[in-house]
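Letters A, B and C mark the chains in the order given here, with residues in each chain numbered from 1 onward.
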Amino acid sequence: MSFKHLQIDAPKPWPHNAWYQAAWIHELNDTPIARMFLDEPVVLFRGKAGEAYALEDRCCHRATPLHLGEVVDGGLQCGYHGLVFDGAGKCVEIPGQDTIPPQAQVRSYPVVEQQEIVWIWMGDPALADDRLIIDFPYLDDHENHPHGHGLLEIDCNHMLLVDNLMDLTHIPYIHKKTIGGGDQKGQVNATMDVTKKDTGVHYIRWMENIVPPPTYRKAADWGDNVMVDRWQEFEYVAPASVLQWTGALECGRGAKQNRFQEGGFSARVWHTATPRTETSCFYFWAATNSFLPKDKAATEKLHSEVAKTFDEDIAFLEQQQACLSANPDRASVDIKHDVARKPARATLERMIRAEAEALATAAE
Amino acid sequence: MSFKHLQIDAPKPWPHNAWYQAAWIHELNDTPIARMFLDEPVVLFRGKAGEAYALEDRCCHRATPLHLGEVVDGGLQCGYHGLVFDGAGKCVEIPGQDTIPPQAQVRSYPVVEQQEIVWIWMGDPALADDRLIIDFPYLDDHENHPHGHGLLEIDCNHMLLVDNLMDLTHIPYIHKKTIGGGDQKGQVNATMDVTKKDTGVHYIRWMENIVPPPTYRKAADWGDNVMVDRWQEFEYVAPASVLQWTGALECGRGAKQNRFQEGGFSARVWHTATPRTETSCFYFWAATNSFLPKDKAATEKLHSEVAKTFDEDIAFLEQQQACLSANPDRASVDIKHDVARKPARATLERMIRAEAEALATAAE
Amino acid sequence: MSFKHLQIDAPKPWPHNAWYQAAWIHELNDTPIARMFLDEPVVLFRGKAGEAYALEDRCCHRATPLHLGEVVDGGLQCGYHGLVFDGAGKCVEIPGQDTIPPQAQVRSYPVVEQQEIVWIWMGDPALADDRLIIDFPYLDDHENHPHGHGLLEIDCNHMLLVDNLMDLTHIPYIHKKTIGGGDQKGQVNATMDVTKKDTGVHYIRWMENIVPPPTYRKAADWGDNVMVDRWQEFEYVAPASVLQWTGALECGRGAKQNRFQEGGFSARVWHTATPRTETSCFYFWAATNSFLPKDKAATEKLHSEVAKTFDEDIAFLEQQQACLSANPDRASVDIKHDVARKPARATLERMIRAEAEALATAAE
């Protein structure tokens, strides 16, 4: 399957040669799922033997979506005239016809299942290298890091979600009724240590000697007067993922020197925002209970608290997108807190540019 | 009324100089009906004497839809400022004004009522020839061919519906729970005899010595072991109609030599898909009970069974249209079963091209 | 704040340098209101001291709508990252940042509160002159002219509403079940005295010796046989307002010589249609009970009767707009009753042209 359908002269705000999260592994079964990624309609399903596949969601015969069909021996059968496509997108059966023309095939996308995530490669299959997939070992370590996860469809460009995570000074405003409650000034004035990387941006914020937010206090069973050293460590990995480690230890335990201590509060959070269209995305997230892993109720409580927070974000992000779409060329003013957001954006743009140049070179 | 509003340089996927079904005759009365045909807003109504009319649904004064008005002596009165238009579209009254300017008129469309169908001519009225109207004598023969009918608005190009009827191998897939149940292979492997005609395509499919579908069995009161010779005869008449005769006789009665025998199962089905826009149409259909014409319950049962089938089609057709609209230029692969569909499409394109050429010649 | 964002080469169907009604004064409080005027998103709010402001509804930092934020000391705070903007649109606080870049500001619009109306100036603030605001002293004279008012969002160009009010022969048709009941001919044949003005059009219609409509009869407590002299005085003031005085006196009292007499029926009606987009507007209206000002029930009854009338208009106006949008270039035919409507349109076009010329000159 070639990569020729991509148009050099119609740039999209995402790279194609990259792994994107397509689903959570438990979502896939023998009922086909329709999902659009990077403006392309995709159907996800498991074959009879349980293996995961991703095909173009459009029959090559009469353009019917294949997700209306069903999984049969040999692949996915179109629900209109019965053509069957195998996991590579090749038509392997045309009912009532003996020979199958070679052009009877649909696009297929490389798929990898790893650490509870189904990854899809939307670009040139020849470049799909499993070693490029992000390692986030917490999601399948159910003993030490039990988690809850979610999937939200948001009507905004996927980078608005990344922007959101790259500037946490929004927390005391958007989330003032939830995780942003308490010491507003202290949160805004956290120290911020940013490191640019080839693959994105890493930062760590420290709030030393601060009142812990209610969520943390309950989780760690801290008394009213306990003060903590709190950190928020984030890494954006282009094009679409953000890896988070959030935690706090009582003051005096030397958190800044060593965060790997028993007790306190600790959560690993997975975020990825797979582009659906230029103004919509799939937001996959998961939050681990890394502080009381044996406590199921704590895991569930953490999950529901985090879910609530994301609902607050969505309301803003969708209206922000509407504002941007109405006046796409209007300038914006950067502030000090854009210190991680800007290099994150720059990484993505670099990646898009490199891909466009490679395509242009190949076309010469 | 001239035909000059048609633009030579903006071709539409339909001919204008053709009769299209506008309504069932019983739909029309003195309450105006708004209906868009071929991208043009039309108002249908009966005058005080009961005669059917079709006018442009837009007052020439201030562009108010005329269907908001009411039928009065002399024609249709605009509900905004009271202008009255006769059946030819000429303004015959302007309240409070003595003289009526000659340009005060709206487009009118030739209308013919025949065999329970209201036909409309959307093109040059000078070319509207009643003799071009399709003859389907079953619809007004209530004694021998009682029928039930329907009207559906479908969000697809009208030819997707014609395509559907030109390739019946979809039946064992889309309709596998209804009329396509039973012998899937036998249905797919029916013989197919196709004849191209100037006005469209005719084909007949035979399934000899086959288990009859449940609908037929019940209708004909056949026992469990009866095997039948079954036929499906279809004719596409451009631009928008499909005439169907479906039936079966017990094996040994020589159905293939003579289908005009008493007993068995027999239904005449009328299909027409009048374009509304390029991606929507009005689907008019009717199915006659030609096997037990005196049995009202059988007529009703047939009607409800056929209606169910069309609901199954609509789900596919609308998603197919969405897929096509998203990527209109993507190539498709033809298969053996497109043998009637392709010449049907070719007839329509020939008709559109001929009309465009005639317009171009007239414009020179 | 400059006027430079306006594009000379993309004309809009409205002038910018004009006062438009933005709200009723009682609508504004410390909960921000989002409202689009002339295609621009605006947020309206009162500062802590109660003063009214109008800002661009888009934060200059990350394009979040400001109406999602809240009123704080000093201005309106963005709900995303906490930036605060004063009533002039200047950013006066960036949480966690000491200096504020001068380009950190949003557009602000002059606002004036007068006679219960909040007026906004969407054009060049340097030209915003309070003396240009329409004087309609009845709205804040609650003793002699108590009123009820309303606000409707209508999906039509604002001038369709003005057209409607400039040709009252629509009343016996659209409103035949309400205010247009009774003597249809008499209403259509009213005398019409039209005066063109620099700022718009004035007209007065007289219906002498006519049966009063039921609304009037009840209001004035007239017996069955009372005949009246009835007037409808309207003035369109460009770009968007219509001032109305409607009334009737018993025949013989010399209404035509002197309408300022006790008794009879009399109502002052305020209409303004502020453009939202090219095909939608905010319709603000108010109707005074100037006949029995001490009678609260009469004021309420008048309000509900007038409200009902406008619902009848909206159904027509929105469908008229749909018809126009579908075929914007189709010609229309004027009739005698367009005598006030046409100069009203001409005034608006003159105003738009003058503004375009001034912009072009300034750009040279």
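The working rule: contacts are C-beta pairs under 8 Å (C-beta built on N, C-alpha and C of every residue); 3 or more make two chains touch, one makes a residue touch a chain.
Here the structure is a predicted model, which is why all the values come from computation and not from measurement.
Colleague: Taking shared residue numbers divided by all residue numbers at the interface, is the value for chain B and chain C over half (same) or under half (different)?
Modeller: Different, since most residue numbers here occur in only one copy.
Colleague: What's the rotation angle, in degrees and to the nearest 5, for a C-alpha fit of chain A onto chain C?
Modeller: 120
Colleague: Taking each chain's centre as the mean position of its Cα atoms, how many Å separate chain B from chain C?
Modeller: Measuring from centre to centre gives 48 Å for this pair.
Colleague: If a residue has to touch 2 or more other chains to count, which residues of chain C qualify?
Modeller: Residues: none.
Colleague: Would you mind writing out the residues of chain A in touch with chain B in their complex?
Modeller: Listed in rising order, the residues are 41, 57-58, 60-65, 68, 77-83, 94-97, 101, 103-104.
Colleague: Which residues of chain B touch chain A once you look at their complex with the stated criterion?
Modeller: Residue positions touching the partner: 163, 167, 169-170, 172-174, 188-189, 315-316, 319-320, 322-324, 326-327, 330, 332-337.
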